[in-house]
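Pasting the structures in now, so scroll down.
Two complexes follow with chain A in common, the first pairing it with chain B and the second with chain C.
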Partner chain A sequence: MAKTEEKTVPPVTLVDPIELSELDRDFREEIHSMPNGEELGACFACSTCTAACPIANSWDYKPHQLVRMILLGMRKEVLASDEIWLCLTCFECQERCPQNVRVTDILFDCKNLAAEEGRIPPNVAELGKELVEQGQLYVITADWEREDLGLEPSLPGLQTEEVRNMLKKSRTGRMLGEDD
Partner chain B sequence: MSPNKVKSEMSDPVLVIGAGVAGLTVAVELADSGVETVLVDRETSVGGNALNLYKAFPTDDCFYCFESNRSRPGIRKCFYRSALLDQPNIDLRVDTEIEELNGEPGSFEIRLKQGPQYVDPKKCTMCGACTELSDAFSLLSPQCQPQSVIFNPEKEDEGSSKAEEECPTGAIDLNAESTETTLTVSDIVIATGYQEMKPNQIDEYGYGQYSNVITQLELAKTLDPNGPSHGALVRPSDGAQVRRLLMVQCVGSRDENYHPFCSKICCVFALKHANIIRRERNGTDVSVVYMDIRTYDRHERYYREAREAGVEFTRGRVSEVTPLEDGTLDITLYDSLLDKYFKTNVDLLVLSSALEPSTGMTKMIEELGLESASGYVSPANLLDTEVVAGDHVYACGGAIGPAEVPESVTQARAVASKILQERM
Partner chain C sequence: MPEYNLYAGCSVPANYPNYEASMLRVADSFDMELKYMEGVACCGSPNLRAIDYEGWLKVNARTLAIADKNGNDIVTPCNGCFGSLKDVYYHLRHNEDYVEMVNAELASEGLEFTGDAKPRHFVEALYTDIGIDRIKENITNPLDGVGIAIHYGCHLLRPKDVTEFRPEILKDLVAVTGAEVIEYPLWKQCCGATVLPVDEPLAIRLARDKLKSMKDAGAQFATVVCPACGNQLDLQQLDLKNTYGEEYNIPILHYPQILGLAMGLSEDEIGLYLNRVPAEPILEHVSK
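Presenting the complex of A and B:
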């Protein structure tokens, strides 16, 4: 019998699969144990949340995919995603979810987890700082508009001192105030 | 049964509540075996959900000549007609509800209240003279049983009393009043079926707001040659021909906000309808938006046939429904397999709405001390037969959860055989 040349070439890799064992299997439990995560495991991937979302069209990861990623343990990808910050918190997804998964609230929890790891998008951090420092988010700039309406140039009686003090001592204050 | 029970109670009749396919089957099986049966239904015709359904899976036969009549061949093809007219052991009372339920297992005291019998079904020949004279008289369905017109006192007009005078058989009595009867029955069979949920509350579909958004049961009536449009697939808004139709599955089913269970047969009848439309209503496009297609056991063939017939399937959900001036609906869909949003325009949006327990089930379950399973009657012992609900209380068909006709009939026969065994 003719001897065939034996080759031990690795098979051509057509796909680049994610190694399941390398995912963070505790992530699911981490979210599940939070007050909003109770029904997380009930998700049956119907995608009603994504159908309901007014903004997900432009997202790489849709709401139902984010939930799936949490269930699978894709912690890094979820917490590094822009989507959790782009969420409008309109609650449409949560309102319609047939399995009572608190989608919006869970995305909120993800934001908190990301923030604790220092992953806050610069524009959000900027807003946060403004809030901590000014005690208000929207400072009056165009006072000519107020003038046209016959209003005083600044808001009469506006006191932000107390709010500022409180916010400085809050988690937001601690997280954003450090580099001052 | 326990040996010390008195035999005489055995002569009491059996009460069957609900005269749908299941209740009719129990009543006929018992009656044929010599057991007196009181069959009540709150509607004016028997048939329940199977009235006006056109073709039935799994055989695609007409509903009225289906399954249950196989054991009574040769009399007449229609099971209901022959059974109801010929069987003296059946005491049929339509337009009747249970007012009071007392007594004990084996000897229940029942008070029945029957609405006014304005038209005597035994005399009415359905000549149609009264319906010409007054709008208050109508025929519920050409297939209704008893075969008789009905009178709606809310629509009484000048023609009504003329119709009463001129009825050739003297069947009409406009002064009829409701009656009450008290009776003792040995067993109670709950065959109250289910009702289709009206999905008004699920805002994203606009049911109840836009007239071209309907349910599967409403579609079934449209497709029925005996129905209001004589089988023509038309839009409710203006009677125009439907060219594009979209179905949405799992509306109010598998939804913790409405009904947590899968309604089990809506996938099959949605596909049955889709196939009828593709095959018999030329040129109408049908799409089905689903999250899972559940055509259990032998019904998988409807799914395959639907694909062959050119029904389009989208795995995803509806985002938004917008009505247009011309009566059509713009629909935004999310396709979760492609991860894309699509927009389409349809004449008719058909919702596969949940099948829920009949009105009044909670009260009946409570009064009889039974267990409830999401509002349906739960079997007394899950490991034993599903048709025994309690002591001398049985349930079958849609009353124990969404079921197809063959299943309802099988359960109904199991009930009849249980009762007959008890009496041996």
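Presenting the complex of A and C:
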């Protein structure tokens, strides 16, 4: 009968199956050992973080899924995801986590690992470049506005050299090919 | 006369000199001596933390160490700077290895992070060190109960164990001016500023959510204590006209501008003419 024939259709799955051989078991330990990763293993995927996230509805991977993916060792998928860069860093997820998992901080750690592999959205890389080149993100251009308000035309005490040197020697400089 | 290390950051001096000027004038009235920090630059914002944790740790540890030289607390008008400095302060206080690492780097400049000087937001220092009672005594031109919504900004409030900021602080500071604090459902939500370089339409949507929630609750004005949040809520109102065909007309004032008016400062002294959404309507609510 027609009804039994339908059973040959593959069952509907909610998520694509994971290829076990592609998992990176060290990823979990890598994040766990970072300064904010201590409570990582306490996550039981209750989704409170996702409920708290103002933009989770536009994410393919929800915050609780990203944490689960880290625990499973899905290094490639997590570090290549747009979500880690879309994170608002509003700390709502982290604040509400009943298990004290530092979700936002962990996403910062993921961004650092992605950056180390050269994966940085162009506009964010541009900001890094500005920091290395000028030691600040915003430079005063309208000094007359400041003077009209009785302020010094340039920022008193500003010294960018040391910050630029520090960043040149650091990952920011290395990534941008600005290191000596 | 309490003395502070003023860390102005880069966005306030470059984009919001009206915030800077009104803060300095208000502080001056209370004998808070805000001295610009010598030899400092940018905090790097959360964007630096995202790509370079160590670099972010070092540049902010350097700022903290410069303040440690005289031990006076750091005061900043920017949530981004506050968040970075507070977060780095927290991380250093919880990790000896990091202290060793940054101090090895800072030694060449004769600097050392000791943790004596604490990073604080300007409004918190105002509230704690001056106090509502003394502020009240200085209110000469109170506002007439006009509805003002507060946008706190994420990095002022969270993570709570790091920032140690209580929302009541800003609520009390607004109420003491005579204004009515408008409660609105999305008061804790992000303005979307951080995601602006990555996804502009998303950032605009978040600004819209925020402004709509304020407007629906009856707010006539809104106040911010962060240049990035200010930029998002003020400037994006122009983009919202284009993308959503919606007009909110909610003037966004930096908190010291509101307090300044209630303390009798003129509109020029607080640089009201630099606000993007015309903020002059607030003048109608200041009693003379």
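Criterion: the second predicted complex is superposed on the first by the 139 of 180 C-alpha atoms of A that agree within 3 Å, B and C clash if a C-alpha of one lies under 4 Å from a C-alpha of the other, contacts with A are read in each partner's own complex, and residues count from 1 in each chain.
Definition applied: a contact is a pair of C-beta atoms (placed from the backbone, for glycine too) under 8 Å apart; a residue touches a chain by one contact, two chains touch by 3 or more.
All values reported here derive from a predicted model rather than from experimental measurement.
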Partner chain in contact with A:46 - chain B first, chain C second, else both or neither: first
Which of chain B and chain C A:167 touches, first, second, both or neither: second
Which superposed partner A:98 touches (first chain B, second chain C, both, neither): first
Partner chain(s) touched by A:158 [first = chain B, second = chain C, both, neither]: second
Contacts of A:57 with chain B and chain C, given as first, second, both or neither: first
Residue contacts with chain A in the superposition, chain B compared against chain C: C
On chain A, positions contacted by chain B and by chain C: none
Residue numbers on chain B that touch chain A, as the complex places them: 204, 250, 254-257, 291, 316-319, 333-334, 336, 339, 341
Chain A-facing residues of chain C, complex: 8, 10-11, 13-15, 17-18, 20-21, 24, 36-42, 44-55, 58-59, 62, 91, 94-95, 98, 105, 109, 154-155, 157-160, 188-190, 192, 194-195, 197-199, 202, 206, 209, 269, 271, 274
Contacting residues of chain A [partner chain C, same complex]: 35, 54-55, 58, 85-92, 94-95, 102, 104-105, 108-109, 111-112, 115, 120-121, 123-128, 131, 135-142, 145-146, 148-151, 155-160, 162-164, 166-167, 170-172, 175
Residues of chain A touching chain B in the complex: 42, 44-48, 50-52, 57, 62, 64-65, 96, 98-100
